[in-house]
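You will see chain A twice below: alongside chain B first, and alongside chain C after that.
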Partner chain A sequence: MSYPQTNSLLAKVNIRYLRPSFWLQCVFILLLALVLFGPIMNLLIWTVTESWYFPHALPSQWGFKYWQQVFNPYSDVSGSLFTSLLIAVLTVVVCLIVSIPAGYALSKRSMPFRIFWMLLFLIPQAFPNLTVYMNIARLFYDFGLNGTLLGVIIVHSVHGLMFSIWISVAAFSSTDPMLERASRNLGAGPFYTFFHIVLPQAAPGLIASSIFVFLESLDEFTGTFFVGSPNITTLPLLLYTASMEGNYQIASITALILLVPSILFMVIIHKFMKPEMLSKLGK
Partner chain B sequence: MCWLLEVNMRQTTSPNLLKHRLWLIVPAALMVGIFFLYPLGFSLYSAITLDDGGFTLSHLNKAFDLYSKDILFTIIIVLVSVAILAVLSITIAALITLSPFRSLTKTLGFLYRLPLFIPFIVTAQMMRTFLAKNGLMNNAFVASGLLTPMDTVSFLGWSGIIITFVWKQLAFSTLLISGAMAALDESQIRAARNLGASRLSILFQIILPQITSTLGVAMVLSIVTMMSVLSVPLMIGTGSPTMMTADMAFRINSYGDYHVANALGLVSYCICAGLAWFYLRQNLKEKGAN
Partner chain C sequence: MAHLHIQNLQAGYGKKLILDKINLTVEQGEMIALLGPSGCGKTTLLNALCGFVPVSGGEIFAGSRSVSQLPAEKRNITMVFQSYALWPHMTVAQNIGYGLKVQKAKRAEINRRVSELLSIVKLEGLEDEKVTALSGGQRQRVALARALAIRPDVLVLDEPLSNLDAKVRLSVRHEIKALQKQLGFTSLIVTHDQEEALVMADRIAVLNQGKIEQIGTPEEIYHHPSTPFVADFMGAENHIKWPTHDDAFRLNTSNPAAELDLYFRSENAVLATPQAASKDDLNAGLIIHGHVEQSVFFGNNYQISVRCGKHTIQADHDQNLSENTPVTLSVPNNALHAFDKEGKLVAHQKNHAVSVKSMRMNHVC
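And then the complex of A and B:
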């Protein structure tokens, strides 16, 4: 770690790096990295494995055979990838339609029972939701919604509502009320004002909330397991079935497909949070 | 201009507009009401009533008869995971806040967030292969000479469930806790340092007492998450005992027995409520003591 430093602090820095706590922390970080990357590595290896039996430390045969199988246009994977994306996009649409007005209304402090409403939308995240899903499935069965796209979208939307409403409340709260008032005073109607003045200001927050809802929907398993099966197969359900059948290659490739948006978003978030992180570090 | 503003402000607080704004919330509130609160209420109702609507405790009794072992197992798993989670995330957050080595904290800050958006189902699949008898973990131990191939054991089971939960939830709870630590008044820490306090005593005497509420929130949310995840116990937990979530799914899929499944659900609510209550009481006690 003693890379060349040209400034006069060199001596001081070197003394600090010789302290045992530095090495202790290095070891801790190294262990953490191993623990975090180990499972991911294992997943990656399985995606390019053709056969891997017990005492072998690594696969005995490598190859992309299963990738061809997965990306065959007639495979289950492409079908459920399409279903997953369709459901996720429609869920985002539903969440936006419902949460933009609610978020706008709740961003005003004068809203009666504001705390109550905010807590109401927190509830779907604050209860163990498995029980709720199985009862929704039972209710949906009576209405013929079980195993339909609409049923799954409803379940995902309720689950994502907390993110979309809480984030859009924050987004609308950060808009400048004087601009809105000025627009009204200059004679613009409430709808014109909302769409041309308020909404553009809140757009970044709304996009963030949409990304959250999209990811939540893409990754949702439990609700789809009860409400969607057997007709709707999303990627998580396909992954589960493949894994339970011992078909680890297909399961791993599916998992990798699910990982891509997650990691992408992580990197974006990390980029956004960098300045905040630096200030966090005290300097 | 001034009177215009005044008129406008009066307008925004007039009851007519307030009603108008309440109307904006109605669709969202209806969605939560119909598709969450109603099934939630229904599950509670179904747990304690017979098919004809009479009150009964027989479902709860049956749930305890059949699954008391699993209920206990669930509580133990959740508590152990939360304990490990608390220790690890405090350690990481404290390192980030207090460590003098900037390059290390930067690495750490990136590392711990890695699992933040990795879905539970993907985590479960990774761990299913990683922790298995011929998984990468055991293979690494064998390759490094720590174990022979015959000594390896599969971690799929209770320990695997705990590892998976901790692995996945670590990012979330550390994010909350290090956020709380970053929000603390830095002059306190600097003052303590100047007065000669060690970093460890700063952590225990200055930082931790101020972030207990955030720690509590992070832990309660993690508990709720662990109690509702179905994929991990199904994919990692093998055989019996298993977690209650797996039992509920089994009860429904194999028997269509909603009463006992809902009774188990009721028990899981009670566990969550109990743990949340414990946290609240502890919090209040501390506030009272100060």
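And then the complex of A and C:
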């Protein structure tokens, strides 16, 4: 009996807003935003907090005291930042040395057992991290590699090789074989051709893979924890210790520092990753 | 530049033999076109010459050197690739100078040679451009200059014009020909376009299924095809199996029972309507009566499909004709390519088979 009234209302208000699906969408978007940005907001607040006690919704004292503490040249943070960067750079170097020849070889269809070799580099990822790294740590004791920079770099490289091999195979596969032929045709030998023609063509993909390896190494925790500690302290290890001690300010600021390379990476990857290369991934 | 001599060449991928017993000699300063449909093995032949496909039998000589077992970089036979295969990370000058840089030539000498080549291919002022910024025609010329820079013994071109649009193609084709005359390079050009081959080449080799069907000057190939395949491929698309057992067809031969394959071009089929009856029947080798099925405007003339029995014959005519007009086609003896059934070979055997009148025809064939 109230039909006429409803109709006039519907006419006034756009009918779209009354559909349940519209509100459902709103709720989902809000939830998603909360899930995505909630923890980050919390982290950001912690970085500028000096004191924050349990029942309060917001900190009682704001300030940059802990930033000074973190960026003090004598703090643990700058030391472990340096260690982290050193390990990451060396890991990238090791991965490139292995994956450039391996990626080129595996990009050739004529390579025997091609799929087998590629899967081989995935195997360490197939098992739970913890077991793999515990066993590596056990092995490394015999060689005296525990607690050394070399040991940590090896562990990080095993992890990084998965990315660098698979991406460099894709990078080398997406190069035009005719360009190689043209070079041989003009009198260049296979090595000259590789360094002057093939490598520059694959360089964007190799840079992308290096960035992946660099970031993975920078964020790596489990392996470093088992193999490196207590002598090697990287940023993630420091972050772990700080959080365990309840020092959320230091932990949050460290996390922010770790965020910087990731954002830089997003920008660079956007520039270097070609769609035609992505389509060759795993082929 | 030196002459190229191919002897009994066999090559293929894996166990599949693509080229079988190829014999070909390219004289110094000569341009030979390898003409054939796709899949006939012409690109494989170039790849075998350049060392990209292993040679399983026979020999290749560039000058007096045997190159068939040398690696690609030692052959001194350079290629202009179908896709040009220019290196996108290099400038025009770096692309052209690459071969000299590989030979460790001095920088000044490389620069001199590069600017010389740039002026030859008319690309002065573009030396510092990235090749990706060039048009198709310009890329083509860079590819040509790059291949010529190291003064190869032989230059091979793999469908160099197929990636260009029609208008650019015509001008580039004349440019390449003019350059070839000017510089006198020994070259092999692969094409599937008969017109391109006729215009550019000194001699043409027609390839079919990995074998050379016929080698000859453009005139020989065009006017005197030696096999039905060559006749058909060179544009004699009208094909009649003789005898037709049909009164609409009349062949001037003393031996009408001889089995023949007749080929002729649409431009050689003289079409006459009943009003303008034809005069010299004597010269005509083949006379066909039929009806117009379709008439298509081709710019300078009309192509008319004539229906006669189970055959449809194409003929050129200067006027549009309405459907079902009765017409008479006559093909002169010298434009009629006749092949006998068994050997597919032409002249000699048929001289016996066919009469005096068709002797003239066969003589031409």
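Here, the second predicted complex is superposed on the first by the 241 of 283 C-alpha atoms of A that agree within 3 Å, B and C clash if a C-alpha of one lies under 4 Å from a C-alpha of the other, contacts with A are read in each partner's own complex, and residues count from 1 in each chain.
The criterion applied here is as follows: a contact is a pair of C-beta atoms (placed from the backbone, for glycine too) under 8 Å apart; a residue touches a chain by one contact, two chains touch by 3 or more.
Note that the structure is a prediction, hence the values are computed from the model and not measured.
Shared-chain residue A:P200: touches chain C; no touch with chain B. Considering which of chain B and chain C touches more of chain A, the answer is B. Once the two complexes are laid over each other on the shared chain, residue contacts for A:M244 go to chain B alone; chain C is not touched. Within the superposed three-chain model, A:N185 lies in touch with chain B and with chain C [touch as defined at top].
Shared-chain residue A:D176: touches chain C; no touch with chain B. Once the two complexes are laid over each other on the shared chain, residue contacts for A:P39 go to chain B alone; chain C is not touched.
Judged by the touch definition given at the top, the superposed model places A:I165 against chain B, while chain C stays out of reach. Touched by chain B in one complex and by chain C in the other are residues 181, 184-185 of chain A. The touching residues of chain A, counted against chain B in their complex, run 1, 16-17, 22, 25-26, 28-29, 32-33, 35-36, 38-43, 45-46, 52-58, 97-99, 101-102, 104-106, 108, 110-112, 117, 120-121, 123-139, 154-155, 157-158, 161, 165, 181, 184-185, 215, 218-219, 221-222, 225-226, 236, 239-240, 243-244, 248, 251-252, 255, 258-259, 262-263, 265-266, 269-270, 277, 279-283. For chain B in complex with chain A, the residues that touch the partner chain are 4-5, 8, 12-13, 18, 21-22, 24-25, 27-29, 31-32, 35-40, 42-43, 46, 91-92, 95-97, 99-130, 133-137, 139-140, 142-143, 149, 167, 178, 182, 186, 221, 224, 227-231, 234-235, 245, 248-249, 252, 258, 261-262, 264-266, 268-269, 272.
Considering their complex, residues 176, 178-179, 181-189, 192, 196-197, 200-201 of chain A touch chain C.
Within the complex formed with chain A, the residues of chain C that make contact are 50-52, 71-74, 76-79, 81, 83, 85-89, 98-99, 102-103, 146-147, 149-150.
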